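This is the structure I have questions about; it appears just below.
All chains are identified by letter, namely A, B, C, D, E, F, G and H, in their written order; residue positions are counted from 1 within each chain.
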Amino acid sequence: ARQGLPEVIYGTGKTAAEIAAIARTLLRHNTGPVLATRVDGDTAAAVLAEVAAAAVPGSTYDASARLLLWRPAAPIGFAVVVAAAGTADQPVAREAAAIAAAVGLTVTTVTDVGVAGLHRLLAEQDRLRAADTVIVVAGMEGALASAIGGLVACPVVAVPTSTGYGAGLEGITALLAMHASCAAGITVVNIDSGFGAAMAAFRLSRVVNRSTT
Amino acid sequence: ARQGLPEVIYGTGKTAAEIAAIARTLLRHNTGPVLATRVDGDTAAAVLAEVAAAAVPGSTYDASARLLLWRPAAPIGFAVVVAAAGTADQPVAREAAAIAAAVGLTVTTVTDVGVAGLHRLLAEQDRLRAADTVIVVAGMEGALASAIGGLVACPVVAVPTSTGYGAGLEGITALLAMHASCAAGITVVNIDSGFGAAMAAFRLSRVVNRSTT
Amino acid sequence: ARQGLPEVIYGTGKTAAEIAAIARTLLRHNTGPVLATRVDGDTAAAVLAEVAAAAVPGSTYDASARLLLWRPAAPIGFAVVVAAAGTADQPVAREAAAIAAAVGLTVTTVTDVGVAGLHRLLAEQDRLRAADTVIVVAGMEGALASAIGGLVACPVVAVPTSTGYGAGLEGITALLAMHASCAAGITVVNIDSGFGAAMAAFRLSRVVNRSTT
Amino acid sequence: ARQGLPEVIYGTGKTAAEIAAIARTLLRHNTGPVLATRVDGDTAAAVLAEVAAAAVPGSTYDASARLLLWRPAAPIGFAVVVAAAGTADQPVAREAAAIAAAVGLTVTTVTDVGVAGLHRLLAEQDRLRAADTVIVVAGMEGALASAIGGLVACPVVAVPTSTGYGAGLEGITALLAMHASCAAGITVVNIDSGFGAAMAAFRLSRVVNRSTT
Amino acid sequence: ARQGLPEVIYGTGKTAAEIAAIARTLLRHNTGPVLATRVDGDTAAAVLAEVAAAAVPGSTYDASARLLLWRPAAPIGFAVVVAAAGTADQPVAREAAAIAAAVGLTVTTVTDVGVAGLHRLLAEQDRLRAADTVIVVAGMEGALASAIGGLVACPVVAVPTSTGYGAGLEGITALLAMHASCAAGITVVNIDSGFGAAMAAFRLSRVVNRSTT
Amino acid sequence: ARQGLPEVIYGTGKTAAEIAAIARTLLRHNTGPVLATRVDGDTAAAVLAEVAAAAVPGSTYDASARLLLWRPAAPIGFAVVVAAAGTADQPVAREAAAIAAAVGLTVTTVTDVGVAGLHRLLAEQDRLRAADTVIVVAGMEGALASAIGGLVACPVVAVPTSTGYGAGLEGITALLAMHASCAAGITVVNIDSGFGAAMAAFRLSRVVNRSTT
Amino acid sequence: ARQGLPEVIYGTGKTAAEIAAIARTLLRHNTGPVLATRVDGDTAAAVLAEVAAAAVPGSTYDASARLLLWRPAAPIGFAVVVAAAGTADQPVAREAAAIAAAVGLTVTTVTDVGVAGLHRLLAEQDRLRAADTVIVVAGMEGALASAIGGLVACPVVAVPTSTGYGAGLEGITALLAMHASCAAGITVVNIDSGFGAAMAAFRLSRVVNRSTT
Amino acid sequence: ARQGLPEVIYGTGKTAAEIAAIARTLLRHNTGPVLATRVDGDTAAAVLAEVAAAAVPGSTYDASARLLLWRPAAPIGFAVVVAAAGTADQPVAREAAAIAAAVGLTVTTVTDVGVAGLHRLLAEQDRLRAADTVIVVAGMEGALASAIGGLVACPVVAVPTSTGYGAGLEGITALLAMHASCAAGITVVNIDSGFGAAMAAFRLSRVVNRSTT
């Protein structure tokens, strides 16, 4: 890993053979977790077959997160809450949660907390406030990021999603809205990038670790 | 008034003489309220002087709303709440409130209820629920429209504002976000158009009046 | 229903099993209408089979509107006219009409009244003027909303559609044009959102009901 | 004139001295009309003084059209109607009308015929139908082009204007909407380009002239 | 035909049965040409079979133009040149040419005259100058419209096409570029709208006919 | 402060009297730092005069950051490096640095490290790697965020700036580019929002403090 | 070849028969290289079969570059380095490299040198500095162009690619970012246009040849 | 100079004192030319006064190019033609020409060669073909780049300008159109960046020099 981040293979557009080859190399050259994102079920099965042939233990595939994983990290005691606005945001929330867990963070998930139902959101206040970092996954108008940004004082990483239709502009509207948010100090990653949010949370966890040891 | 709507002169780009001339004509040809929007203080003074010379009574100028008004309508008992997210949204909220009042609606105003401070918003729930229509004025990410849309069952008319900077895109982001909102059945008018929202509320009030008489 | 609005399941991206499960829950926990939008024929058949297994009566599927419906509301005497500009706007008009009817509104439909054929539009004036609310469904340049906004004094809810090609920008042009409309007080919902327009009309109907009882 | 079109100087960004110099050259090298567009009053006075010094007769300045003109063409009997939607569209309508007249077309003007007031528009039907070409000047949603395109069978040249605010996007919305128009065979020129529309009409007039002689 | 334009059915999204039904009605209610655009080969065969069953003579299908045609108009002696920049622009050029011919215009075609090969373009000057109207079909940067606008004095109708990739933005770049053109008085229709250009030419031809008879 | 964040007044569009009134209220109701951003020199002098009249000690104005400050927080031992690409990015960098310092963070600044001069950037590696968080301020193409994201493992908060011209699109290009960055886990705030970046860093510092105490 | 550039057929949307016909004509009318770009494997096989039938020797198909080639040019001693940021940029890099080689340039390739891994990029400095021209192929944020522009003094031609998702906007973000680059004098070609970059390099090579002979 | 390029100060937003200070440093630390771009007349006078005080000889200010220059380079025998489409493009053309000359290139200028006047353009063919590089400066639709790209085989660097109005979108249309150009191998720099084009030409000149010595 270049500067201390975990090794993550971007699966889109790669064949099973290509993913397997990269994975084998990474597994050999370092000792930390190795991940491959955006891998569909058939490709995953083929990759696991090939890499297993090379006798690498402890690998799993998480279909809902589309994540292939070898050698997950041990938990380091950093609490991440992944909050998702609606059903359609689940795949991105799953990607964020699975990657964060794979790199050693402790993840809990809060779902169906869109701002059009404030009371359900407020019912989750205590869980949100206990987090070291909240990852907010929301499409459409992305308002959930502002609302949660106002409820907690810890870092908030917002992931706009490409759900919805029409004026949602495939996630561009949510991305811009999250930047224009009236809640101070929330930050934003790329559209649908559960990966980016998990990596941002991992960077945060390292600062805490550094300062406590 | 064409099809029963009040007569409203659009002040932008018109001289005091032009506004005065149109106002005099409108005042002569019908008996309802006459308004001129987006009129600055100097122009307003000049218009009032001219039209007064023509002996027209009952005129006022509201500087915060930039509204010139002659012959306001009598109240018809339709309750509008104008809710504004932040300080910067005040001029548009003022325009909406002043025009709505001028055409006979009963207006109350709720301010500083951005979604980053949910508890202040929730403290206004009862006032919002008592409304026949809520006009939501919000810039930046426009999330307030979604939140209020989830709190009330009456019509919600959202006005995106051009406040903020950068990713707010002069109100385009708020307009798109309000359309992509997860709250069902909220409707949207043009950026900064307090006028449009007030007219939409007026149209609503007429249906109620029709059905009760 | 959260704040008094009907329960509506958004079908896009959900399996028949998921829709059926949500529908069963909603049917059990309240007594009003339950709807599922954007459901294709095969999915609808599967859902109906499953939910029927749970012995829920009175369900129908409207293929042209792509709507699944259980327990339609009784008519409440609020008249909605759905006016559609062209042939290509029919699916969205059907969605608006079917949902509005399902929640208790009285719907009539006016079609093929694009502004390039003004005399056909003017021939419908009386029907339009009798409405409590007009829903205007129009793609391409969206001009029908302005024309109807000038003909009636009741609320006008405009639905831009993604029909057409090139400069229509998948409905963005119609959406922007409707907002820039020269007709005062018309409001707009998201592109292709027959659902949003029907819900907006439902919100209006509730104010009338409230004030008459 | 290159290929038979009149000589027109684009005034924006040029000094009086530069305009005068170009005008003198053009007046010397051909015998037709010479025009300078987008010239403000002060510059016009200075240009007229300078060019007059060179003893060029028959020049005028039209302040409302911001047009400087030398040697207007004799009328060739081609009837253009310039129809403008609203007050704010007047400057562009004036530019179109003045240039068209300067190059020999017979111009009449129809104003305040926005589609939100269809009856005023229909009252002008006969005048519109008598035209050889209609130039439609309209901002905001640009719907007037569609409506007139449906009323007449002659060429319709649409000029989007940058009037209005917010969703009008400085004329981009009207330009796109006019292209997406449901009226067949209308054509469009650049935003605010009264000049472009007048030149398009001039091109049309030449075909008629050619075929009749 | 509404105001004297030919009847044209827009085939996209319509079944053979729907097209046939509309065609039969139009053929019965007037005596001029009837067209259906954007019809693929299979649909066309089915439509022709059905309408022939109703004993309507003289129908043809032009596969390269995707045009179905009944009762073409007799030639009226108005010369249109369709000039296309590149190979990829052919389908749109074919649509323009076939529709123009169907409604009675005399069409010739000039191809492979992009501005990157000026000498081939200049070699066509005489044919271009003999036209009553030139329709320019060009994608990518749309520069051909400017070049031809500078070569001829007759009306020029530009059709941007959605050919190319990347910065061409599916025709938006060509559309904008044609509007920003430095050639005076060229007009533009919607992206890929050979139909719109042919109808614009037809409108022109009627003025000439009117003035010569 | 709502949920533990410092109180910050947004100065744009507010008069000195308005800022002073809000500041006085905030100073009275809590004991932490109070800031006002985007305040020009004249306004600042007037505010300081007024608030001083109310006997509030310890206030300063930082002209380069346009920041008014009362009761700065004591340092909490969290190291922030603000890295700015070019001269034009200085005002935003100054805002970020001044606000971060005001709320108790320890700030150092690295300037003139654009990616077109990699060796100057690499010369700063040790200082960057010692940070708990790096704030990257960069306009134009925003590439500095990617480069630094690859050099350090701590959190990176990127601030796109509106510097440059043409294709920079007032900061939109940098904002989009930072989101599309090939460096994993960097996060982004609004264009020119030194404030947003400082608040994001403050949120981080709180997690560290929490876990160490 | 028109003005001395090689003949290149654009394969997209052409049948094997069409490509073969054009190739045969070009091969007959000149003696230089003939290329066809964006040709898939099946089409290529068919073309080669047909053209071979016409007895043309020396043809090859490069599947990774999707390039068909006849009569490659002899090397002229002009050194091009093609540098690609990531795995996903390979197809475009291959197209650039294969076309450049086909027209006589000497090509070497540098891969996996994204700016998030500066040390790998710096390790290639000597090879980059030995180039007569560097072609930089990079998607996402396009930062590699700026970094290399700062390392070398020779011409840099940047090719934005449509790789990535979300805020990358299919290559538009990289294109705009490369134009806004802080590195002086780099130039840009269309998104994914390995062809355009190779042709730009060929133009450069001709100037060198001209001045040395 | 970093990697062999001349030192150029970007004047926008800098005071005379700041420019003078940077210039003095650069003049002291190297022996090549030093330039400051985008400097208005008053600032230039002040800078020259200050730097002259430091006894630096050979400085000039070119008002039409807004360029301050010290120690121009000796001519290296590389011929650049700057071709500008219209009058409004002159300031950018002047910037390109003056900077290119300052760094040692031999510059000639061709003006008023827009594609709407092809014969004037063709009259310049010989001068264009004699160039080692052509810089094309064009706004509006940017078509001149395509036309010249088809006339010459040497490198063509296109500079889109922000001239024109409406659909020109402040130069974005020209930039996109130049990228979508049908002429092979032309490259593009940022909007209005005469500087970028001159630097690109300088990079080209260095390759020629290297290969000839």
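Please note the rule applied: a contact is a pair of C-beta atoms (placed from the backbone, for glycine too) under 8 Å apart; a residue touches a chain by one contact, two chains touch by 3 or more.
Here the structure is a predicted model, which is why all the values come from computation and not from measurement.
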Given chain D and chain G, the chains that contact each of them: E, H
Rotation, 0 to 180 degrees and nearest 5, that superposes chain D on copy chain F via CA atoms: 180
Distance between the centres, which are taken as Cα means, of chain G and chain B, whole angstrom: 58
Centre-to-centre distance between chain G and chain E (centres being mean Cα positions), rounded to whole Å: 36
Distance from the mean Cα position of chain E to that of chain B, given in whole angstrom: 47
Contacts with two or more other chains, residues of chain D listed in rising order: 2, 116-117, 150-151, 166-167, 175, 179-180, 184, 190-191
Inter-chain touch pairs (all): A-B, A-C, A-F, A-G, B-C, B-D, B-F, C-D, C-E, D-E, D-H, E-G, E-H, F-G, F-H, G-H
Complex contact set, residues of chain E against chain H: 85-86, 114-118, 121-122, 139-143, 146-147, 149-151, 164, 166-169, 173-184
List of chain E residues in touch with chain G within their complex: 87-88, 116-117, 165-167
For the chain F and chain B complex, residues of the former touching the latter: 2, 10, 12-14, 160, 162, 171-172, 175, 190-193
Chain C residues within the chain B interface of the complex: 2-5, 8, 132-133, 150-157, 175, 179-180, 184-191, 195-196, 198-204, 206-208, 210-212
